[in-house]
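Structure first, then comments.
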């Protein structure tokens, strides 16, 4: 009998040894525990940091460790998938035609320069003569022509259907759009996305997505792909020697992907990564307390060009009625929305919907006000009164009113969208308007598409404008009923359509900004949409070893400039 | 029967604890409007508050009172558990009864079906089914129903096989009493014990499944069950920020309720040795 | 002589018949499951392409290039009648062609098998450890019924069994990773390591998920083993042996264990069928990217090809393990009769 007993003991001991053996790995040094939210150390409106002083030779960064939530699984120059795809938005492995600077303006990426013709229909691209693919071949205008052909014929970009391509020399090519299009808008819209494809690799590949050749990661950006450890979700990249754009200060980059933002934050705190980069996925405000008070980490707060907003449905009553929309905008508790979405770092939105850091932001428009009493008065006056005495208002015809709240169908934002919907419901409840959550749209993509696309039948729609889209057209695209560019909008006001078309056809930043200003005036007047808050994005980074970070608004410290400016302390 | 239960209650400590736990949660559900200090949907101003006299378990990320959420959550959690369990038990015992009573080909077919259903792993299948059926409470109940009936069917069938051989039932059958009558007059009362035990176990099981599904975000977003509270506590970072007053209470409630159902079935266990599987 | 020769032979042939019977039923089951999964994808409302491509991709393509949709439909044999589609689908499955995942740009088979490996890394040790712990503790508690171990372990396992695994996982995560910072909070490896360091690193990462899994499995194994031992202990021949004065240890090892281990092994076999998929909750909480996690993300992304393969794989695993359990039972148990 003793034997069994001993066996048990021996086993338990063995198990203990295994466990302790495992934990023998040095535990991360304990740092400050997450305490109660400290006072904001970073102002909400931080301006990009100045470039490092040039007086002393900046020290190279041996390795920059980036954490992301995109997975390290797709490594293919022609797709946007995986961490490889989203890292390329920063002029990384892929050579971009245009990259965006910290002021939101397009700049030449891997190309030397570009020019737009006076008629705003053709773009001429000039290549440097010392730009090489990572396999050693030179990049020439043939590659440029090939890229557009490939995008048109294989990737099926509808925008390029009728373009004309001309080869003006070994390092120069021109693309011409048909009458009525805008080359400027094309550049603005393709900035950060459009990559140069190597002709010698892809010309014989019919199905680009299923292509598994080793050379599918060959680009002409400042970094070349080295290896990936799929088990650890760690990809390694190294700087290209003598890159034509100038001295690269970051010698090696690793990109590790994490399953969640919590894991990312903990990794940053434990000094496993130096900076966080999530495309269109700023760190949730609910995670701020874990980093606050850590002197080695900066929350990386920057004003967010993107925003959450309500779009009102014009195909349904009562949201097609101006007084009703006005009452809703008066009933919303903007401070509570700001807290729910952005934590402490937000501003009350203006009637123009488009947030502060965007090109063409209209600063003359008034801020939204939270005034439930005024909201009630507006409703009373417009005939929305409680006829049957159940505590909820009826519509002007005396029919019961039950307004549907439709959140966007998005799994990664489902929790926040549900929370926003709950706040709206509560706010409207306080002015006597009954609401229902459109749960079907939240959980079923099909139901959501039916509700929102192609002349949607939603009433109050909660949408999100990503900072990416904000950079070239933004919120107005979501509102307009214009099947070519967006599916969700239901508004077709002539003045608005006019201004919208002007934005799309603009041939310069001056024109773009002017028509944007006009757009916001019309929005402010008619209230087809309302922003919940002008918020911030957080992309935290460590400050103890590296310096020279430039925090792009809504984008973070990992951006096209990182490779040339970040240096070791 | 009530006498039996009372006897068991006095004699069996585990059973007593189970009954007390269940009574506790059931009264919480029934008296929710009386117990809960606030409307669980109402926003009360300050989000993310620590426990205080005004908010016993603090407030969540949009300023709803967590204690009230929890109290009302018992309604949803129990409702899903009970509805799913009733469906499961009805389906399972009908199949078991028919199979056991008629024997022969019917039994063979049902047995094979039961075996098939028993082989399919329930939680992953439920998750997948909900994925196919679209999320929400109804999808969840249907999915639970499809995956969980087999155990009950098997147990009921075994018992019915035994009972139908009893002399007086055989005599009635010979006398030409209709099957329907025999089934409801003699068989149903005889398996009531077992069915009730299985039902109680199913409630617990269904609540467990509901918690798991809601936690994964496959449940309902508007119905605040305990699993749903836990989901938000986890995905709105209550766990990483160590807000124990947010994530711990729903866990305790779920486990306590489960424990109650398991302990109560001990009553059945001591009376009939047939619950297995 | 317990088994007269002729009778033993008959016994064997009967066993063969039973096993054959079981195999046939299993094949039928697998066929049924394959059909169910076809029905799930094809008879759902809407264009089946939505389910195959995932909504995201489907609507993007539909918007930008409706003709491409027709081509994809042809590729998947969706242009034929339901019957034709079914035959084509069966053919694809036989050739282990589970399609292409549009959300991940990869063959479904590649993705799922790769993830399966990581689930096994976690599940195999968990099954073995919990089988050992459960057996050792269960035997002791059953043999010395109402002894100290029994009195502690029985209520403890009962309570632990009622806590959903995701809750246990959350509690472990908060305590050991967030608070004590002893273990990593997610993932499977740190990266950049090779050889022994790599193995140690993976073990360090798997400590918490493994512990949670072992804990929950040990509880149910314990309860099973204990009840088997108690059951066997009460049998007449054991009582006789004890009355005859056979030493207790000998009774335990010769008779009780031999008989109690049989149903226990069967239970373990059944458990093996769950390991492929039984760890969804744990994988989600600890971001262990195995089968369960892939299944969960596939559902979020409505990636039906992946869901379909996960469904088939888990079900087939269950069928195989249950047939394994059946065969073992039939082969090992001398008392088996036709069931």
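When the chains are written out, they are named A, B and C in that same order, and each has its own residue count from 1.
What we mean here is this: contacts are C-beta pairs under 8 Å (C-beta built on N, C-alpha and C of every residue); 3 or more make two chains touch, one makes a residue touch a chain.
Everything numeric here is computed off the predicted structure, so don't read it as measured data.
Colleague: Farthest chain from chain C, going by the mean of C-alpha atoms per chain?
Modeller: Here the answer is chain A, farthest from chain C.
Colleague: Can you check which chain pair, A-C or A-B, has more C-beta pairs in contact?
Modeller: Looking at contacts between chains, A-C has the larger number.
Colleague: If you average the CA atoms of chain B and of chain C, how many Å lie between those two points?
Modeller: 23
Colleague: Distance between chain A and chain C based on Cα centroids, please, to the nearest Å.
Modeller: Measuring from centre to centre gives 40 Å for this pair.
Colleague: Which whole number of Å gives the spacing of the CA centres of chain A and chain B?
Modeller: The mean C-alpha positions of chain A and chain B differ by 43 Å.
Colleague: Going through chain C residue by residue, note those that touch at least 2 other chains and give them in order.
Modeller: Where chain C meets two or more other chains at a single residue, that happens at 178, 300, 302.
Colleague: Tell me, which residues of chain B touch at least two other chains?
Modeller: Residues 217, 239-240, 242.
Colleague: Mind pulling the residue numbers of chain A that touch at least two other chains?
Modeller: 262, 266, 411
Colleague: Quick check: in the complex, which residue numbers of chain A touch chain B?
Modeller: 34, 262, 265-266, 284, 286-287, 289-290, 336, 339-340, 411, 414-416, 418-419, 422-423, 425-426, 437, 439-440, 442-444, 447
Colleague: Which residues of chain B touch chain C in their complex?
Modeller: Touching chain C from chain B are residues 112, 115-116, 118-121, 123-125, 127-128, 130-132, 204, 208, 211-212, 215-218, 230, 234, 239-240, 242, 244, 247, 251, 254-255, 258-259, 262-263.
Colleague: Touching residues of chain B toward chain A in the complex: what are they?
Modeller: Within the complex, chain B contacts chain A at residues 41-43, 47, 61-64, 134-136, 217, 220-222, 231-232, 235-242.
Colleague: With touch defined as at the start, can you tell me which chain C residues reach chain B in the complex?
Modeller: For chain C paired with chain B, touching residues are 25, 28-29, 32-33, 40-41, 44, 158-159, 161-164, 166-167, 170-171, 173-174, 178-179, 273-274, 277-278, 280-281, 284-285, 292, 295-296, 298-300, 302, 307, 310-311, 314-315, 318-319, 322.
Colleague: Under the definition above, what is the set of chain A residues touching chain C in their complex?
Modeller: Chain A reaches chain C through residues 1, 3-5, 7-8, 11, 15, 18-19, 21-23, 25, 27-28, 30, 73-74, 76, 79, 81, 156-158, 209-210, 229-234, 254, 256, 258-260, 262-263, 266, 270, 272, 411, 445-446, 449, 453, 487.
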